[in-house]
Amino acid sequence: MTTKGTNAETTMTEVGATQKSSIGVAEILAWSSRNGVFVFTALLIIAALVFVDGFASLINVTDVFHRAAPVGIVAVGMTFVVISGNYLDLSVVAQVATAGVILIAVSNTHGIFIAMVAALMAAILFALVNGIAVGVFKANAVIVTLATTFIGLGVLRYFSGGSIFFGPPDGIIKAFGMGKVGPIPYSAIVLLVMTILLSILLNRTNFGFLIRSFGVNESATRLGGSNTALIVFGAFLVTAIAAMVAGFVLAAFSNTAVSNDGVGYDFRALAAIIVGGTSVFGGRGSVFRTLLGVIFVSVLTNILVLSGISFGYQQIALGALIVFAVSLDAIGRKVAR
Amino acid sequence: MSQILELSDAKSKGFFGRAGTVIGRRTEGRGIALLSVILVIVALTEPLVFSAYSVTLGRIALIGIVALGLTAVILMGELDLSVASTLALSGVVMASIPELWLGILAALATGLIVGLINAFFVSVVGINSFIATLGMLFALRGLAFVISDEAPVSLVNKEAGISFGEPLIGPITPRVLIFILVFIAIQIFVSKAQAGREFFAVGGNRQAARDAGIPVTRRIVTGFMISGFVAALAGIINSLERTTADPTAGSTVLLTAFAAAIIGGNYLKGGRGSIVGTLIGAAALGVLQVALTISGVQVPVQQIFIGAILLIAVTTDPNSLRSVRGSIRTLRQGRAKNSVTT
Amino acid sequence: MVTAESEFGPVLIEADAITKSFGGAVAVDNVSISVRAGEIYGLVGENGAGKSTLMRVLAGILSPDQGEVRVDGKPVQPGARAAISAGISLVHQELSLVPEMTVAENILLGSFPTKVGFTEYRKLRQIAADALAEIGVGVDLDERVGRLSVALRQFVEIARAVAKKPRILIFDEPTATLTPAETDYLLAMLRRLADGGMAIIYISHRIPEIFSTCSTVAILRDGKLVRSSSIDSLTPSQVVDQMVGRELGLDLATKRTATPGAVVLDAQGITAPKVNNVSVQVRSGEIVGLGGLVGAGRSELVRAIIGADDRTAGSVTLTHNGETITIGSYQSAVRNGVAYVPEERRIDGLALSMSVEDNIRLPNRKELSVAGFKVGSKTAQVAQLLADKVGLRPPEIRRDVGEYSGGNQQKVVLAKWLGRRPKFIVLDEPTRGVDVGAKAEIHRLVKEIADQGTAVLIVSSDLPELLELSDTIHVMRDGHVTGTLSKEEASEKSVMSLASGETIVRSS
């Protein structure tokens, strides 16, 4: 960001007319980094259906939905932070756990309504700290959210003492967590609703527009007369609220909550977002694509689990997937230039 | 040539003027401030920390060694989040090889290879280092799990591990000695070696560095290899002392090491900072951690402290403060516009 | 300092029939020059005349499309390294320094003296000290460059070029940011270096400097060499005439006759970095021009006025329909009817990978939405209307702005602000990098905007443009307004003289 070309004559003479090269490497790379997820997800599901025993079973499908839902909800929310050009929000790890623990613990003592309000307050607090540090202080989002992860988890562990909270065995939370429509659990429906709502927010509203515009060009967005600090805060708020909902869904599923419930959510959500084709360079992406990315990552994980491949290999696969998908994007951009 | 133009504004100010210039050149201010505050508070409330100096030194060494490696990368305006997993992975690699010396060599090689891979993605492919090393953070953690079969690996040669924890001279355990050696090596590299000095150019003005013929890609490779190597060293020390290698090790160290490097005055945008600053930052956080532990403060609260210090460190560099001043001004004048006169 | 040509040594560097174009636009067109040892060779021309491009070809940074560069009669291989080893050194702009490194390190950046990989600091400091001594500048070798004044950084750049022991030294507008005393010092230094047998090529806008220092002057206009001759055979006013050269193509048909109304913008005592206590008023329907050289503080002034950058002192008010509003933050300025067309449109003005429609939507989003939700039909309609109005070609609002040419991109910037019916609009270099056709259309638009009662403040380094558009011209130099010219008084010469400091007319 620091070395922008400022030489007048270069700017002047190199601004050519429309530059369209013939179909080449750049187009192929750009296309696959944008649309590869459609093809790969379809291929993956077909491969799973044909080669993996037990993939198509009802129990397994429900299981995939159950596991995909909370990660997916985090991912569709975090898509806003990624599109705004702030890389990611690592603190979703703390946010998911906080929301779950508050939901179970507080509803045991004060009822579910107070619990949800309290969780919302916590989510807003996370968004405020992240948003102010990144939006006003212009600090690096990765480091800021790394710090807030530890602060958040520290506070949560201090108050919860690291213990597991159990919800009442016949409460509304458990009923929701177990509820299904056919093979589809309620949590998956929540994911779908969140995807639709956030898709509308991103594509149809001024707020979503500003998020995209900020991700493409921060300076032009500011000089277009908008409050950039508010935009950054907004992106973190959407993420925080999504992480809260994910925490609710996760806690409801097991009817328990503990302070390390959110471990790995940062990473799996990011994998889904990036695989979906949302660019870590900011500006380009969509919530719907993230949903596809979630499906891809969840099906892939499921296949690995069903094939008896250990957790370590799953981690390697997802880490490699992130680096590979971003490389595709980066090389595509380089060649296009 | 008799006439010499004296345009410098930092001249002839006497002792205080010159002292001011010297201070203005340094970047360690915040680190020294934090260290002083912590030392004073600790001296008043928990003087035990100073009598248990061997514990304190050991803690500083562990934080500091990773932070020193990170500093090499931060100076170039890059980040290496993968150090946490590199630490765990190298420990596991060492522990899974029965012959200790072979294990140590393999662990160090692991660190170097990780650095090479990171540098490849950052400087050749052109991915942002946060994202590239984040992907590596998770992939390497997975690899550590695979190699260790998801459980801590015991050292075959436990005696070597136990003797490694014994002090050599006074409070100097091998860990502290290695830390001091790493500090000296990196300090000399960054301040005296041509390649090390050029890290500042790569971080401060990458285009100018390229124009001046500095091999930027090679410098980035060197930086990531230093940080990988040093993280591997930390993993070896950690596993030797505990006589087991834990595949989940390192995540708190990552946070603390970042906090140490940043509070020590190393700018995340690169080009500015110092190894001494990192040392000061590590000392401050080491003393704080030991003091908190001795006072019986719970681990979660310690995490809050370190997290808060990292947050403060990353929001109080001069660039951040400047943009805040701008924002405050905007808010104030935004209110002023309501003063409509007709 | 005028000497006969016979005093000089042999020809050191020759540029033979150099042609260089960028994507169809010819920047340097068949230019040949030759410079002798001991000679100071002045190169003048307006912004965009091709001086910098020619110099970068000489320094090997750009390779010419046609022609070759020869040193001692031998062709120089392409590439900056070959040029340096042939003895050609270019004094870069200050931004090629590393602010966090010391003066000594910057002077030898990329070529530290080393022994087995370790920097030999004694040697490094010695070479740096020698280079500084050669140009006669005393500066602490261990000071960080970031803490130096802009002028000192310029001298460090020169020391860096001198440390390479060049035989040919090229200066590209070194005095743009210097005070008169510093400039005098620099010019004396040039003469000293030339007396030592160096060939010096000196680019400047400032005609008096050329006459006090150079022995030969070459005039570039629109990429072509107009004239190259001994300085004795020319007068300053002849040089200005030849630089400007063209027929004054004032478009009389569209010349505006509208009489300005009440004061809309009133900026008093604006002080900011590079701007020193400047006051500007713009009336309704009036176009006020800001003339001056690059680096005179014009962009900084307009940004401080509208709040895009911080100002340290000064007040700005906007009056419309008898209501006066104080302008503080940039956001409040935009909300109250201020529009800004920035100098760097690709960095500050447009989101290149977004559509024309989205770019137009940015400042108009509130009007094009209901309760925060975009009204698609209305947005498309308004965007299309505005795109048509500014003459975007092709007028496809769904296309990415980045796919359009420079001129069309600038029209999009105008379109997005026109939708707001601004009361006051700032245009910074509105036609830089724009083709001739689009330029005329943008001029027509600017006049139209003014005719509708908008107060217009325009910064332009393109003199004919400034003269054609402006009703009043303030000329700036070194952060001050050195003169104010009415439409009748304004000419290319009068603006140029004020801008280059040849004469100083203090306005009351």
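Order as written gives the chain letters A, B and C; numbering starts at 1 within each chain.
Note that a residue touches a chain if its C-beta (ideal position, glycine included) is under 8 Å from a C-beta of that chain, and two chains touch if they have at least 3 such contacts.
Nothing here was measured: the structure is a model prediction, and the numbers come from that model.
Arrangement of the chains shown, judged by which pairs touch: all-to-all, with no pair of chains left without contact. Taking each chain's centre as the mean of its CA atoms, C is the chain most distant from subunit B.
Across the two interfaces under comparison, A-C and A-B, the one joined by more C-beta contacts turns out to be A-B.
Note on chain placement: the centre of subunit B and the centre of subunit C lie 42 Å apart, centres being C-alpha means.
A separation of 44 Å divides the Cα centre of subunit A from that of subunit C. For the pair subunit A and subunit B, the distance between mean C-alpha positions equals 28 Å. Those residues of subunit B in touch with two or more other chains are numbered 205, 207.
Chain contacts: subunit C has residues 95, 330-331 touching two or more partner chains.
The set of subunit A residues that touch two or more partner chains comprises 3. Remark: subunit C residues 21-25, 27, 47-48, 50, 52-53, 93, 95, 294, 308, 330-331, 333-335, 340, 342, 344, 346-354, 358, 361-363, 365-366, 369, 372-374, 403-406, 409, 416, 432-433 touch subunit A in the complex. Touching subunit C in their complex are the following residues of subunit A: 3-4, 6-9, 11-20, 204-207, 209-210, 212-213, 216-217, 219-227, 283-284. Subunit A meets subunit B in the complex at residues 2-3, 87-88, 129, 133, 136-140, 142-144, 146-151, 153-158, 162, 229, 267, 270, 280-281, 310-320, 322-323, 326-327, 330-331, 333-334. Partner subunit C is touched in their complex by these residues of subunit B: 1, 3-11, 21, 24-25, 192-195, 197-198, 200-201, 203-205, 207-209, 211-214, 271-272, 325-326, 329-334, 336-337, 339-342. Touching subunit A in their complex are the following residues of subunit B: 79, 81, 121, 125-128, 130-132, 134-147, 149-150, 205-207, 247, 252, 254-255, 258-259, 262, 268-269, 298-304, 306-308, 310-311, 314-315, 319-321, 323-324, 327.
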